[in-house]
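Both of the next two complexes hold chain A, though its partner changes from chain B to chain C.
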Partner chain A sequence: MPTNNVQSIKESLIHKLQQPEDLVFKENHTKEKYMEVLYIKSISDEDVLLENVLKPFFEITSSKEFLDFLQSHPKASEYECEQKTIDMVMRGVAILFYQDFVFLFDCKMDRNNAVMDTTVETTIQGPQAGFSESLPVNLGLIRQRYPNVSLKVESTTVGNLSKTKVMILHDTKFVDPDTLKRVKKFLDAIDIDMFQTGEQLFDIIKKSNRALFPLMLVTERPDRVAINLASGKVILLVHGSSYAVILPTVMKDLMSSMEDIYQTYWIAKFLQILRYTAFNISIILPGLYVAVSSYNPELFRVHLAMSIAGSRTGIPYPSFVEVLLMLFMMELLTEASIRLPKAIGPTATTVGGLILGQSAAEAGLVSNIMIVIVSFVAISNFVVPINAFSFTIRVLKYFILLLATIFGLVGVVIGFFMLLAYMVKLDSFGEPFLTIIQSKPSKE
Partner chain B sequence: MNRYFLYLVLLNMLVNVIIFVPNILIQYRFEGAVMGVLIAIPIGVALNYLLSTTINKFPEQGMPEIIANSKHRWLKIIHFCGIQWIWFTAGLITLVGFIDILDRFINPEMPKMALLVIYLAAIFLIIQLPTDRVMYFLEIVLFLNTPLIAFIIFKAFTNDYLSWDSMLEVGTHIFERPSLKSIAAATYCFSGYTNLIIFNRLIKGRLKIWNFFAVFLLGIFNLFTTFFIPIGFHGSDGAQEFQYPWISTADSLRLAYSPIERVIFLFLMFYMSITLISISVHWHVSFELIKGTFKEKISKKKNLLILIFYAGCSVAGVIFLNTILLNKITVYWMIVRLGFEILLVVIFFIWTRRWTA
Partner chain C sequence: MKSINNWKSLVLALLSVMLLNGCGFKDIDKRFFVVSIGVDTAKNSSKKYLVSLKFAVPSSSKNNPTEFMIVSEKADTMSEAVRIIKTKVDKEIDFSHAKVIVFGDEVANQKGNSGINYWFIRRRDIQSIAWVAIGKPSALEVLKVQPKSEYIPSNALFLALGRDGSETPYTISEYLFDFKYRLSERGLDPLLPIIKAEKEIFEINTVGLYNKSQMKLVLNPEETKILNFLRNREEKSANRVTKGKTVIIIDTQKVKTKYKIYTPRGKAPYIKVLVSIEGILEESTRRVPNEKLSDYEKIAEKSINKEIEKLLVKIQKANLDPIGFGLRYRSRHFNNDDWEEWKRIYPTIKFKVKSKVQIEDTGLIE
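Take a look at the complex of A and B:
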């Protein structure tokens, strides 16, 4: 499509781009032909441009042949409208002005395309590579693991300013059309300025923006993505993030590790039971300690009740203060060890865990049993394989603790069931959150 | 979903311990309770069968949807407002009774109002859920608790101090003239099916005949356990000394090697959740029936008014009803309930036949 007003387009583009420092506008001449190139050098790959455009430009002598070359080059596309062209230039596309034609030549620089090792969801065996921070590379990784024609890839942009590219992947054979519709509607409705990674969706998913439970799974593992595609889930890949988002997510997914399928049947079942037990312990134990030591010491057999009471004899305040103090200390320790540089990290754990715990008990601030319980709770918390969910559990236990402080044993039991009822109420894109034990409403 | 029907029946069988059924039965153990139980079983199973098969003709519809386009709107309102009282009072008696139990056995120093507050908070959270979610919650609660109750029953049956002779002694009074009160109390175990008038929304397809067979067997086992185990533990004379025979029975059990030595705590923790879901199911039915009387979708204000009314009734109940009074009222409530239940089932049966004919 030859355009006559090349000159006006050129001027308007240069004017709108406001002449930044890294803008390159270059004229090229040979005896027969003349071409102008415009791009931003910091985000365009000059090697690609040199190899694919400039070299042929000087090698092909005939001007007609070079036009044919450009028109048939897979990376070159023709000019459509000004706004789109400006958007493309800002993403690293070069503009070629040749004769009466304007071409957009894709020479985006793909930084951060190194595939990284998994650091968050580690497994002992199985694949160890995670995603990279480049969208095409990530898509390639998934395609390699999932070579099926039914894999459909669509893309959209999210973010008013960031205009981040988001890819929606799903397997047309397995996906539930209602879920897909809900996901697309959700993505269209997002109103946010800067969208940089899938984790930002955690809060946006709830209309009230006050979500406690993660209703989507953010993963760094291509193998997890592939297996979820096969079970009919929708995957979101976000440009510039090495994490993929899996929708819809129910509790079963949040409690599963990829290792479950790399183990023998009974081992995997055992590990799952272990995780659910840890989940319950982590939520209930602090509250139960308060209820048992302050309200119903007769719950346990005499020896146990005596040893708890004996351990608490020197403690000058009620049990809930003791629990709060110790839990607070543990939270600080957890937070600090995330923030600290790797070199000082172990020091914090030693000081906090060993010295502080030991001396707090010796100073008579907390009982020995309390320290055992707090460590128990902390360890149980880390057993949960998905990090976002383990953060949720960290908060949940305070709810039970509060009810236990006010209502005793009744508070613990009813609080636990209130949490259950809340989880029953939740759903992620139409799928009930607790699908592990409850049946799907539509499929039976 | 056939199993949903069983859950509802099973729930009532479990919760009868709280709502004074064992107490009433044991009170009349020499005056016709045995015969009453035997008569209650066919009545219960027959009512189960009648209502379930009738309402089965309207798959995935609750009572409000079935009568939604009835011409006699006022008749509908009176009908719903009338029958919702059965469910509401069932929940209320369970609630007041259980608050009393908690006050007596778990937290004697805590004001009853505090216990009521947390219970109402949890109940109001649950009854406003959609019907299918209430059912999921019921399923999860039963799933978590069934191993525990099976264990307690197993411990009770294998206990050395269970006196089979006392049970036989009571059994010899089988030919006494049955008393209405004991029949009414015993049929309560079967009356979980009445929740179907709302929970039929979830039941797809026909209920298979083995469901009623299961109800029959479960009912026999349940009534036998409810009635005879306390007698076996406390003797045929001693059993009537207890206001809550089953809780005292649980307290007679001891787990020699467990960190929790006294079974009563396991038992009460188990019943905290069973009672919670039982009240929630009953009040959910009542709540949905009230909602069904309004033509349009219920507004937030009306919703809040209903909840305030529920809360007010329970506060009044906890203040004014002591254990003995509640027990006496429950005896008569059982009879009224049985009457209403039969009336409801029969009217619905006839109405459906005329409607479909």
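Take a look at the complex of A and C:
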């Protein structure tokens, strides 16, 4: 579609772009033709531009032929409106002014497109590669694993300033239309300036209903995404993030590792039981220790009661202070080992975990049994495969501990029931959180 | 408005939970665990009982075993004694691990102990699964015994009475809840094991039979074993059979007893006791060939019949009923005066014991 006001568009664009340092505006001449190129060199791939536009420009002599070439080039599209064009330039698209035409030529520089190894959700067996930080590469990875026509890819933008591209993937055969509607509504309702990665959705969804549990799953594994697509989930891919978001997410998903399907049946079952046990231990154990040792020591066998009583002799503080002290130390250690540079990490763990624990017991600040319990809690906390969920557990145990300190064993039971009631109440985009036990509420 | 209501109900729920908070917060190291309780008669005193509590003193190091401490007090009642003992120790007395209650021989033989018997039941912190026993020569002596093999005070008693350790047909153990049940149930009388304290070991192989208020009869070890058979409680034992000059010992592996009370019209009522014993030959003074085993079985049956009947008659003569024939009779007869009827029948009832012994092999390859 030829336009008459190429000159005014050109001037307006250059004016609106405010002449940044990396803006390139170049004129190209041959005998027959004349073309102007406008792009931002830091985000545009100049090689692509050279290969696909400039070389043919000098090779094709006829001006008519070159126009045909541009019009038929898959990466070139025609000018529509000014605002959209500016947005595109800011993403690395080059603008070609040729004769009466304005073309938008896609030569976005695709940085960070290297596929990374999984680091958070590691498994022993199964695929080891994760996502990259490039949206097209990620989409490609998923398409490779899920080569079905029913896979539908839609896209939208989130973020007032960042205008981040978010792709919504789902399998039209399996997806629940209600859920899809809810997800889209949720994405539309997001009011945020900078949207950089899927994890931010945790915080955003929290603001709407303050959930303590993660109600979406952020994963770095393409195989997990593929499997979830097949079970009717909606996947969000965010530009510039190597994590995909899986919606809706229930407890079952948060407790599953990809390893479950890479193992034989009974081993996978065993691992699952192990995980749920660890989940319960991690939540209950600190509270249970306080409740049993300070309210109901008859629950122990006499040998254990004696050895706990023995190891607690000379401890100046009541049991709940002891537990709090050790848990606090453990939290600090966990936090510190995330922040520390990789080289110092192991040292800190050794110093903190071994030496501090040992000397705390020797100094008579805490009992030996306490060290065992705290390590037990810390280890079982990390058995939970999804990191976001294990963070939740870290917080939950204080709730039970508080109730146990005030009400004893009854507090532990009541606390656990309150937790259960809360989980029953939760839902993720219409899917009840405890989906294995709960059924979906009938449509109102 | 709705959210305020939610908060109100939550606070209300929490406050109501506060009411459930039965026992207060007390750290485990501020508690003094009683592992066994002994009750004796007080000597040279106007008070009735001498109550002794054996406390476990936990050691902070794993290398030295837990020590113990016995505190005794004379008093007329258990409650008073415990309250006075509380003033003698520095920590709160905790009965939750008091798993052995020992009555002195003299206490067992005297009447009027229901006060202390029920004290143990009434205290909610004493577990009903505590074992009750009679101590000889006195409960205090039993508490004082410290076998070399035990790591936690009174653990040897826990193991022996609880069958976690040695399994023997000569020990009859009795739980507190069962003791209380037998004290009050018509047609079922209490029985308590007798623990003899020797220097560093216990000997638990006799049993004392109670009527509803005091100990009436003491059985010897062999009789205790038979009683255990009749109660279907223990199957591993050794039975001696004599045939002429040959003495064989049967190691029993399965003992089952059934009994039925017959009250035919116009005839004397009788109790039919069926005992089946399976076992292997463990020891013999002479060679016993396989084909001769049935002879020995017959002889064993005869001698077992005689022994069981003798014991049953002995118990009957003392007018005791530890096996619960009376209860069985009452459960099968629905007239209003069944208990009076049984009291009339029991002293004259006949026992017909029929045993079946099966010796599986001689234990040797021929």
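As a convention for this text, the second predicted complex is superposed on the first by the 435 of 444 C-alpha atoms of A that agree within 3 Å, B and C clash if a C-alpha of one lies under 4 Å from a C-alpha of the other, contacts with A are read in each partner's own complex, and residues count from 1 in each chain.
Note that in this section a residue touches a chain if its C-beta (ideal position, glycine included) is under 8 Å from a C-beta of that chain, and two chains touch if they have at least 3 such contacts.
As the structure is a computational prediction, the values presented were derived from the model and not from experiment.
Undergrad: Once the shared chain is lined up, is A:H239 touching chain B (first), chain C (second), both, or neither of them?
TA: After superposition on chain A, A:H239 lies in contact with neither partner.
Undergrad: Which partner does A:S294 reach: the first (chain B), the second (chain C), both, or neither?
TA: A:S294: touches chain C, not chain B.
Undergrad: Quick one: classify A:G408 as touching chain B (first), chain C (second), both or neither.
TA: both
Undergrad: Taking the superposition as given, does A:L434 touch the first partner, chain B, the second, chain C, both, or neither?
TA: After superposition on chain A, A:L434 lies in contact with chain B alone.
Undergrad: Examine A:R221 and indicate which partner it touches, taking first as chain B and second as chain C; both and neither are also allowed.
TA: The answer is neither, since A:R221 touches no partner chain.
Undergrad: By the touch definition at the top of the document, which applies to A:I308: first (chain B), second (chain C), both, or neither?
TA: second
Undergrad: Which partner chains sit in contact with A:Y422 here, chain B, chain C, both or neither? Use first/second/both/neither.
TA: The answer is first: A:Y422 touches chain B but not chain C.
Undergrad: After overlaying the two complexes on chain A, where does the chain B footprint on chain A coincide with the chain C footprint?
TA: 295-296, 298, 302, 406-408, 410-411, 414
Undergrad: Where on chain C is chain A touching in the complex?
TA: 17-18, 20-29, 31, 33, 35, 56, 58-62, 66, 94, 96-97, 99, 125, 127, 151-152, 155, 158
Undergrad: Under the stated contact criterion, what part of chain A meets chain C in this complex?
TA: Residue positions touching the partner: 293-298, 302-303, 305-315, 318-319, 405-408, 410-411, 414.
Undergrad: Quick one: which bits of chain A touch chain B in the complex? Just the residue numbers, please.
TA: So the residues of chain A in touch with chain B come to 295-296, 298-302, 304, 403, 406-411, 413-414, 417-418, 420-422, 424-425, 432, 434, 437-439, 441, 444.
Undergrad: Tell me, which parts of chain B touch chain A in their complex?
TA: Residues in contact with chain A: 1, 102, 106-107, 110, 114-115, 118-119, 121-122, 125-126, 129, 132-133, 136-137, 139-141, 143, 204, 258-262, 265, 269, 272-273, 276-277.
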